[in-house]
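In what follows, chain A forms one complex with chain B and a second complex with chain C.
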Partner chain A sequence: MVLTDIIVDIIYLFMMVLVWTKLFSLGSGQIGGFVLNDYIMYYIISMLIVMFYPAIENYFSSDVNNGNLVIYLIRNLNPMIRYYFFSMGSDIFEIISMSIIFIISSIYFGYFIISKILLFLVFLIIAILLTSLFRALVSLIAVKTQRIGGVMGTIFLTMSFLSGSWIPLNLFPDIVQKIFYFLPFQYMRYFPAITYLGKTNTSQLVFGFLISILWIITFYFLFKFLYKKAIKSFEGQGG
Partner chain B sequence: MFEKFKHYSKFAIIRIKISLQNSMEFKFDFIASIFAEIIYMILTYFIATLFINAIPNFGLTAIQLFIYTQTLVIIFTIQNATKSQIMDSIKDGTLNLDLIRPINIIYQSFWNSFGTKTIIIQILKFIFIIGYILIFSNINIGLYILLTIVVTIISTIFANAIFYLLRSYDLKKIQAGSFFHRITNEGNISNYITTYPIYLLPKFMLVYSSFFSLYYIANTTLDVIYSANITNIVLLLGAEIVLTIIFMYFANLAWKKMLKYYEGFGG
Partner chain C sequence: MIVISNSNIIKTENLTKVFEKNKPCLHKSIIKKFIYYFKPDKEEVVALHNFNITIEKGEFVGLVGQNGAGKTTLVKILSGILTPNSGIAKSNGFIPYIQREEYVSNIGVIFGSRSILEYNIPVIDSLRLYAIIYNLNKDESEKRIEYLSNLLEIKDLLHTSVRKLSLGQKMRCNLVASFLHHPKIVFLDEPTIGLDALAKEKVRTFLKEINEKEHVTLILTTHDMDDIEELCERLILINKGEKLYDGSLNEFKKEHVKKKYISVTYSKVKDNKLFDKTKNEINIKESSKTYFEGEIDLNNSSRIIETLFNCIDITDLDVRETPLEDIIKDIYCELKR
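Moving on to the complex of A and B:
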């Protein structure tokens, strides 16, 4: 199955390259301030980032429904960190293969600069923390509703749209882009990607860094508070 | 013959009822799923507008692109809501129980995994799109409704035929069926076709995708929305029906062969 996942990822990437090449042939040399190579690299980086995202909510809701959450509670452990590494473990080969594609294409398109890579790594860590905390936070809904498919569908659709998964956020009107700067979502995918592409200036970087750290702190304390409440509710149900 | 028909229809009705009961047990989730679809439609419309603004020579208007992508998503989702996880039934042994029943195994598998909740939501969405077309667009509504229903039925049979043909290899307890299914299903245009019009694909991809139902769904929908070219639509439907029959024949053949193998090993 690992091989299948890798092949599907490569085909997806190949398709995105073909579609954007065609879109560029219809328009001018730039779309939303990006050239074709920027879009190709954007999708590669975007796919790489998303592989670090854990499916915490699936593990948590399944443990709530089958009662396995009790095991963590007896041991006085927070299960979220464990879920993260479970999820990472299953994606490790995909991460390696996508990292290779990322490095090769970066060298080929001329984006491979050490300072940019270091900056990208900083924002990648921020993105992982932000997304993990957000997903852990929304997964707590499982304690109340048991089935979370519909709720998660709504939340993740909005999240993936606002983080630049469907299309890069530079295609949005300026006023909308300014609003996005204050929301946590663009720091989950779009911002690390454009940082690597060199589309951000120093003030944007500092502002982005501060805002994302602020969101991480907010999500962390919110999660701590709601997790305690959720566990109490779970124990109240006989868990 | 009548007795057999009665038996088969009863089986389908019972399965739909069970599926509906399971969905309705979690009403909050059902409502949330409808809400997710509403959000999805709003976002898709927004993206369609952005695309058209960014690329003036796109070929479609924002309204046309929105109707196109939404129609495709409806058909594609219904198509997928009927595909079973045969590998799971082999693992947990429920396939053996299904084989004892005097009903065709593919038919059983189809209804066992019939996603009633998903299909109801997609029908609600279809009604919304019809209303949207009536208010905002000059698309031939009669032709649109008729063809969407016809294409959905044919494509569901088509996609299931390919699905069962490939998944028959699961009966050999090898992952080949699952591998081929993912490569052909996800590796073809399904992921992109719901966002970008099919004509953006290069020629070799169009040739490759013409072996899959999505190619016909996309082109027929595009024809209804863009030009209403009846000759084209009839040709596309004809080709899809012929391919469906061919795949059905081979799927049936493969299942019979693989079932013999499976039973030979005590399955």
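Moving on to the complex of A and C:
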């Protein structure tokens, strides 16, 4: 299972490298201010960041539906924290293998700079907090409806697109990019990645930091409020 | 405002819980069926109705009732999982469903049909994780694990992963996890369900000992009347969300036991006429040439036994009270009628 996931990751990465190499072979040395190596590295970092995103909604919805949530409600620990670390534990080999690819390619392409790594780690932590809170918030839908696959799929597909998973956001028109600065999504993937690539200046970093912290606080309090309501309407099926 | 005295640990006042469930779709029109798919017709099921109980510290209370009577709903409200529609519950100084996060550090809950231990890791790791969640000191928690493991005889199982354990072993490990943090109250929802006789005995011995030694308040729901007879001094009988009986087990028996059960083995009949007459007073369930067993009226029991001694040569006599199981079964049958 883990090995299959790792192979799928490598195939996806290989496809992206092929697509961008072909695009760059057609002409210009820069697309959207990025050179070929930037794009290759962008997808590697982007995939590494995703590894830290837990499938909270899957665990939560299945525990709500089969009534197992009761086990977590009798502990003084929010079940979302348990789901996060449980998910991390399941993905640990994928994280390690992706980190190895990340370090080797960083050294090879000349991106391995300590100050950049430290800055990246700060935005990675922000991205993890932001995404986990967003996913935990969305997972609460499971209390209201039994089959959440479709709703979740739509939400996460949109989130994935807006966070720059398929196309880096620098390829969008300027006005759209400006709007993205105020939304939480680009801080989930695009922003930490371009920070590592050295494509952000100090004012962008400060602005990005403040906006993402604001979103974390908003999501946190919204989650706290809605979680209480959701648990109140949970009926704990089965004996 | 609910007033709770010092000796009381749990008190509920007019607790009512209503669940909504979908009515079956009986529409013939396809349009109505389509509408039903998005907006099903609902009906209300009353799980608890104006339920009042007071439980004192250190009590061992047995909750008995048919499936769907409201026992588990009561346990879930008292452990903070469910919120009642009306009424109030107070337990260990908290309103469980409002102050759930603070409240649960002082209680333990066992669900017979679910395991509270992590499925894929060894029992000891799950227990240590619980010790961290409950903020226990490392040395203290190790000592506690050792003490409880000895009591429940699970020392050899501590390094086995939960998925490899049998039902009885899993239940004993779950009990260790539930009593790890010195809880003041433990709710046991059918802890002996599906266990063999030996495993049941181990669980019962443990519960009895921990109740006596640590004065933990224990609330037990079960369908096994042997659990109640061996463990509980107080019985609460629930039916359709309402209390049918609340009092001591002995009083309950006195109130409901109207018959005794006798088994007689004899070598010869001394007085045929008297024997036939006496047998008419016995509701015979099974008989052979030199043996019979059946029910006799409680008020006439000593007279009937005395007469039997006069008319037959008894080689073996066994007189038993009607088992609690049969009494409860009779009550359920009466309720259905």
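Following the convention adopted for this analysis, the second predicted complex is superposed on the first by the 232 of 239 C-alpha atoms of A that agree within 3 Å, B and C clash if a C-alpha of one lies under 4 Å from a C-alpha of the other, contacts with A are read in each partner's own complex, and residues count from 1 in each chain.
We take it that contacts are C-beta pairs under 8 Å (C-beta built on N, C-alpha and C of every residue); 3 or more make two chains touch, one makes a residue touch a chain.
In this text, all values refer to a predicted model and were calculated from it rather than measured experimentally.
Q: Who touches more of chain A, chain B or chain C?
A: After superposing on chain A, more of chain A is contacted by B.
Q: First (chain B), second (chain C), both or neither: which does A:Leu73 touch?
A: In the superposition, A:Leu73 touches chain C alone.
Q: With the two complexes superposed on chain A, say which partner A:Val206 touches: chain B (first), chain C (second), both, or neither.
A: A:Val206: touches no partner chain.
Q: State whether A:Glu235 touches chain B only (first), chain C only (second), both chains, or neither.
A: A:Glu235: touches chain C, not chain B.
Q: Kindly classify A:Gly150 by the partners it touches after superposition: chain B alone (first), chain C alone (second), both, or neither?
A: A:Gly150 sits against chain B, while chain C stays out of touch.
Q: Based on the superposed arrangement, let me know which partner A:Thr158 touches: chain B (first), chain C (second), both, or neither?
A: First partner only, chain B.
Q: Write out the stretch or stretches of chain A touching chain C in their complex.
A: Answer in residue numbers: 67-68, 70-71, 73-77, 231-232, 234-236, 238-239.
Q: Going by the contact rule at the top, pick out the chain C residues touching chain A in the complex.
A: It comes out as residues 19, 72, 76, 79-83, 97, 100-102, 104-105, 107-109, 111-116, 130, 133-134, 189-190.
Q: Using the touch rule from the top, collect the residues of chain A that touch chain B in their complex.
A: 1, 3-4, 7-8, 11-12, 15-16, 18-19, 22-23, 26-27, 31-32, 145-151, 153-154, 157-158, 161, 166-167, 171-172
Q: Would you tell me which residues of chain B are touching chain A in their complex?
A: Within the complex, chain B contacts chain A at residues 26, 28-36, 39-40, 43, 47, 50-51, 54-59, 175, 178-179, 182-183, 186-187, 189, 191-192, 195-196, 200-202, 205.
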